[in-house]
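The next part holds the structures, each set out as structure tokens.
Consider the two complexes below, in which chain A is the common component and chain B and chain C are the respective partners.
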Partner chain A sequence: MKSKTNKKVIKAAKETVFYLFLTTLIAGMLLPVYFIISLSFLSTREAYQYPLPLVPAIKTDMELGYGERGYLLSVWDRIDKEYQTVLDTADLEKMEYYIKSQLGTKITEEELLIETSRLENSDEESIFFTKPRALLNNYDTFFTVTRDAVPALIRSLQIAGLTILISLSIGGLAGYAFARYIFRGKDTLRFSVLFVRMFPGVAIALPMVFILAEANLYDEPLGLSLIYSVGAIGLTIWITASIFMGIPVSLEEAAQVFGASKFQAFMKVTLPLALPGLAASAMYIFLGAWNETVAAIILTQFKPTFSVVVYQTLLGASGQVNLAAAGGISMAIPAIFFTFFLRKYINRMWGGVKV
Partner chain B sequence: MATLEIKNLTKKFGRKIIAVDNISLEVHDGEFLVLLGPSGCGKTTTMRMIAGLEEVTDGTILIGDVDVTELPPRKRNVSMVFQNYAIWPHMTVYENISYALKLKHMGKSEIDQVVHDVARMTKISELLERLPTQLSGGQQQRVAVARAIAVSPKVFLMDEPLSNLDAKLRVSMRTELKTIHASAKATTVFVTHDQSEAMSIADRIVIMQGGKIVQIGSPEEVYEKSADLFVADFIGTPPTNFFDVELKKTGETLHLVHPHFDLSLSPKNAALLQGYDKDRLVLGVRPENILLANEQAKIMSTTVLVVEPQGSHQVIAFKLDENIIKMVAPAQPKMKTGTTIHLNFKQEALRFFDPDSTLAIGN
Partner chain C sequence: MATTKPKSLRKIWGQATPYLLILPVVIYYAIFWVRPVIAVIIGSFTDASGIFTLQNFVMVFNDESFFPALYNTAIIVIVSVTIEFIGALFLALLINRKFWGSSIFLFLMLIPMALPAVATGAMWMTGLTAHGWINSLLYYLGFLAEGEKIYWLGGLQQNQLKLLALVIILDAWQVIPSMMIILLAGLQNLSEEAKEAGYVFGGNFITVLRKITIPILQPTIQTAVILRLISAIQIWLIIVLLLGFGRLPVLVERIVYYHEEVPGLDISYQMAAGYTIIVSVIVSLTALLYLRVSGAFKKEETV
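Right after this comes the complex of A and B.
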């Protein structure tokens, strides 16, 4: 009886330790994600506070009084639990801009005018008012203020799309050839496919610039997608070749015997069965092209990609962490969306239709 | 339905490997022909050339008098059951069967009719809406057969269709294939390496070895009149027992002399060996043609090594020098290891082979 209870206790203890370990692991992975999402919603003032607020404020409590140069603006500090003076000015336009850019709160000049006249007409030394936070302010600012963020986003999508198109059509066909046919130099070729991935982009940056400039493709989306395809084709060949190898030739042969041409057999039998693998390749290619920054910095000048734009927000005196966070999240969203979109095909590869 | 004729068919892979070496054969209308041989003998390659899946190096293939040698598979009007069934995993059973019919531009109601007919014939009517992954091996096999007969082909090809099934199912599917063949009356070429499967299912058997045809004949013919040592050894379980013997003549009688026995041949057998001028030959005796005899009629005595009871009969193994000889005896009386037995051969069933050419002597 006693040993039975002992066993139970030991089992419970083991499980507790196991789940504690899991929780720590998951927290370790999710915390940075939470941190950057939260950061992307903070106002600039909040973003540079210490300690950093865990959740963004949803309203801004402000106090308006008289200062030396005009009106004195104070703002409620959630951490110090007091109003702190932030601005002394008579210029309402300046005050409006400050409230927007530093406090992440939208207020019009007319509203400020109403508040100041309320102050003038009252007997109090100061008056209080509250405005809701404009939570998407950082995103708004990132896309309006940052030099060509929207065109860069479109350009990045274009480049990723082109890279998928080039890599899948060439890499997919090559993968099919590797899987189905025996030809001279097959092994050498298969290895050389990996060979091109061995050079770091920076190491061959200069020749790449020269070649692209020569081809009039420097600072062009097509040029970048060609560069990305070089690496992506190799990866696609390896993924699709193994997928095609997993599809028995006899399935295609059966289609041919039962009335299909070679092309029809490929389209009707092999391609649908290879779809999960092609989707997985497409995902890798997209993520690769979408996230790539080093080559994009070197090979673009006036037409940067989105990753370059996000990178630039971190640079220089204007670099604001909350803006960069907003840019980073904006960059992650298409990648996440695309991955989830392809997930159902990739799931089929691991479960679902067995080949 | 149609006849199938193969003339001087050759297939080379590269320059050196000759998979099929100048074979010719004819399959009659509605016949069930089995290509039998060990792996690598060229039987599957031959079938794939008939289907059009393998290019022909040399020779011609005629289906119902039409030369199809250069035609792509889809224009040959053949259908095939593959070893791994090759039913398309992303299509339902119904779609699998109807795909070929759709490509033939058959009407919807007509397709429906045909699919249900063949499904009834192959007993898969309840499975039509299922996906292949939800089927057992035997059911997948039936789907493959249904798909193949739905197109009412001129020639029906089966590439070791039963080899992936478990032993019991294999035997029952044999009977079913035979029944389906009888009702569909399709000219059929069936490839297998399993001789007992071939014996039980074939109208005629083509035995191949090393890319060449060794013998063509009915199951009885290849069993009783094996053309050479290879066939005699390959066909039948247990296989034929071989004895290296010396041919001697005493007066008018021919003797086969072996270290363990001296067999005087019957006049009929002696006549078979008339034209044979060498003094050595290989004697082939099927296990059931070694007879238990009494003291007077015996030609040799030995002791039992192992007994394998089979219910209806028993297989007795004994040793002559280093060779293990197997014989089939009635279930009674029961034999025991170590028992001394007296043996004789059934004269009319003896086979003689030339040790140099390995060919049978006398026919």
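Right after this comes the complex of A and C.
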């Protein structure tokens, strides 16, 4: 009886240690991600502070007093634990703009007017007031101020969609041939995935400028998706072959026994069964096309993709780290969303893949 | 006679099916891969006026950053592929134990793979500056005194090893998940009986791993490693995002450097083309060597 409870205790202890270990691992892996998310919510003033605040503020404490030029605005500094003067102006419109752009807090001119009259009517040297932070301010600014952000987002979706269409149709056919037939050149095709990757992608993007210009596809979504498909088709062949191998040939043969043609058997039996796996490989292709930046920088001019816009916010002259973080996170959201579904199909996609 | 003809036609048709199915891929590669590749190859063997020359390669070998680039690339490839393989295998083995919550754990571990390069770039750039979040965190944790800072990206030429280590760690962070999913798929197809047999005959975790799991997993490991090897030799973006051009030269960074940074120079295109060909030759030779050593070709012959 005693040894039984002992065993239980040992088991529970082991599990605790195991899950503690997992938590540490997750924390270590995702710590950088946490900071970029946190940064995307920080106000511009706080984003450039050192040490950087660990969590975004949810409210802004402000102090209003009299300055030389008008009203003196001070703001509570969470690091130094004191009110710090940031602005001296009589212009309430300017103050409103400052509070929005630098402190990431929304306040109307009327509200400021109320606060100033409260100050005028009191005997105190200054008054205090608190406003909730506009947490999504950076996202808001990124999409409204950054020229092109929304059209670029739409273009990126278009490009990803076209890449999926091209690579899945062309690569899927070859993947099926790979799974079901023995033919000459099969090994060459199997290694083609590797061949295509052996030549640096950046180096190909440059001659592609001329090839695309010839076809009037330079700076067009279709042109870029044609380039992305070069890399994507190879992996799609591997992955779709793996998916089709997982569906028994006997099912197709059975359909043929009942009078279906080979094509009908494929359409009515194999394709529906392969559909979830194919959807998963579509998501995989999406990730590649959506995240790609380098070829997009080289092959676009007036019609940048979303990744290029984020890249420019990050490195451009007007770049601001908290805005770039907001752009990067908005870009990561669809990618992470698809990854959530992808994890169930890992076995189907890669299970049959062999060099 | 009349009845055999359609039959043989159908037979020919049947034999042609696989070729028809792969025809679109062949055409596609011919237009969008072979053509630009040939353009670069021609560019590497001609001078600015289009006359055949080997001068481009001589210039590349005489480029003062060529050997540092080669050396840095070699170190990154050897160390990072090793680290990434061990990390990925460890994670795959862990997730394959199918504990409570393993599916969510898998999802969380896949997040670095899903992040776009610009997002990770922003993440490390804001982290590694002197007033970035890494130093802030170290300060909060008490490892750094007030006003004390670590200059992660600072330091001069002699501190290349530190920069190499940094690049390898950041690269591993992002790449381990994509390697892990391939290994995990292989593990999921592994029969439990083989492993159980190993335990029955007195093996411990390590011996079962060494003598049973890894040998059966061999083809999967080949797939994961070869894909990684090929892209590790071509690492550059994270380096340029963090350090700019020239601070830690690697081979593909040189291609982009000559194309993007010095396009005014007469020989910049030739240099870029020359570097491109050298990189592709190195990648192909490494890949072939790996496949030979790991026995991928032998297996084919026996099948």
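Convention: the second predicted complex is superposed on the first by the 309 of 355 C-alpha atoms of A that agree within 3 Å, B and C clash if a C-alpha of one lies under 4 Å from a C-alpha of the other, contacts with A are read in each partner's own complex, and residues count from 1 in each chain.
Here is the rule we go by: a residue touches a chain if its C-beta (ideal position, glycine included) is under 8 Å from a C-beta of that chain, and two chains touch if they have at least 3 such contacts.
Remember, predicted model here, so these are calculated numbers, not experimental data.
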When chain B and chain C are modelled together on chain A, clash or fit: fit
Which of chain B and chain C A:26 touches, first, second, both or neither: second
Which of chain B and chain C A:207 touches, first, second, both or neither: second
Apex chain A: angle to the C-alpha centres of chain B and chain C, given in degrees as a multiple of 10: 60
First (chain B), second (chain C), both or neither touched by A:325: second
Which of chain B and chain C A:335 touches, first, second, both or neither: second
First (chain B), second (chain C), both or neither touched by A:261: first
A:196 touches, of chain B and chain C: first, second, both or neither? second
Partner chain in contact with A:114 - chain B first, chain C second, else both or neither: neither
First, second, both or neither for A:251, with chain B first and chain C second: first
Chain B versus chain C as contact partner of A:174, first or second or both or neither: second
When both partners are placed on the shared chain, which of chain B and chain C touches more of chain A: C
Superposition-derived minimum Cα distance between chain C and chain B (Å): 6
Contact residues common to both interfaces of chain A (with chain B and with chain C): 353-355
Complex contacts: residues of chain A adjacent to chain C: 18, 22, 26, 29-33, 35-36, 38-39, 48-52, 54, 169-171, 173-174, 176-177, 180-183, 185, 187, 189, 192, 194, 196-204, 206-208, 210-211, 226-227, 229-230, 233, 237, 287, 290-291, 293-294, 307, 310-311, 314, 321, 324-325, 327-329, 331-332, 335-336, 338-340, 342-344, 346-347, 349-351, 353-355
Residue numbers on chain C that touch chain A, as the complex places them: 17-19, 21-22, 24-25, 28-29, 32-33, 35-37, 39-40, 43, 99, 101, 103, 105-119, 121-127, 131-133, 135-137, 139-140, 173, 181-182, 184-186, 188-189, 219-220, 222-223, 226-227, 230-231, 234, 236-237, 252, 255-256, 259, 272-273, 276, 279-280, 283-284, 287, 291, 296, 300
Complex contact set, residues of chain B against chain A: 51-53, 72-74, 78-80, 82-84, 86-90, 99-100, 103-104, 131, 133, 147, 151
Chain A to chain B touching residues, read off their complex: 248, 250-251, 253-262, 264, 268-269, 272-273, 353-355
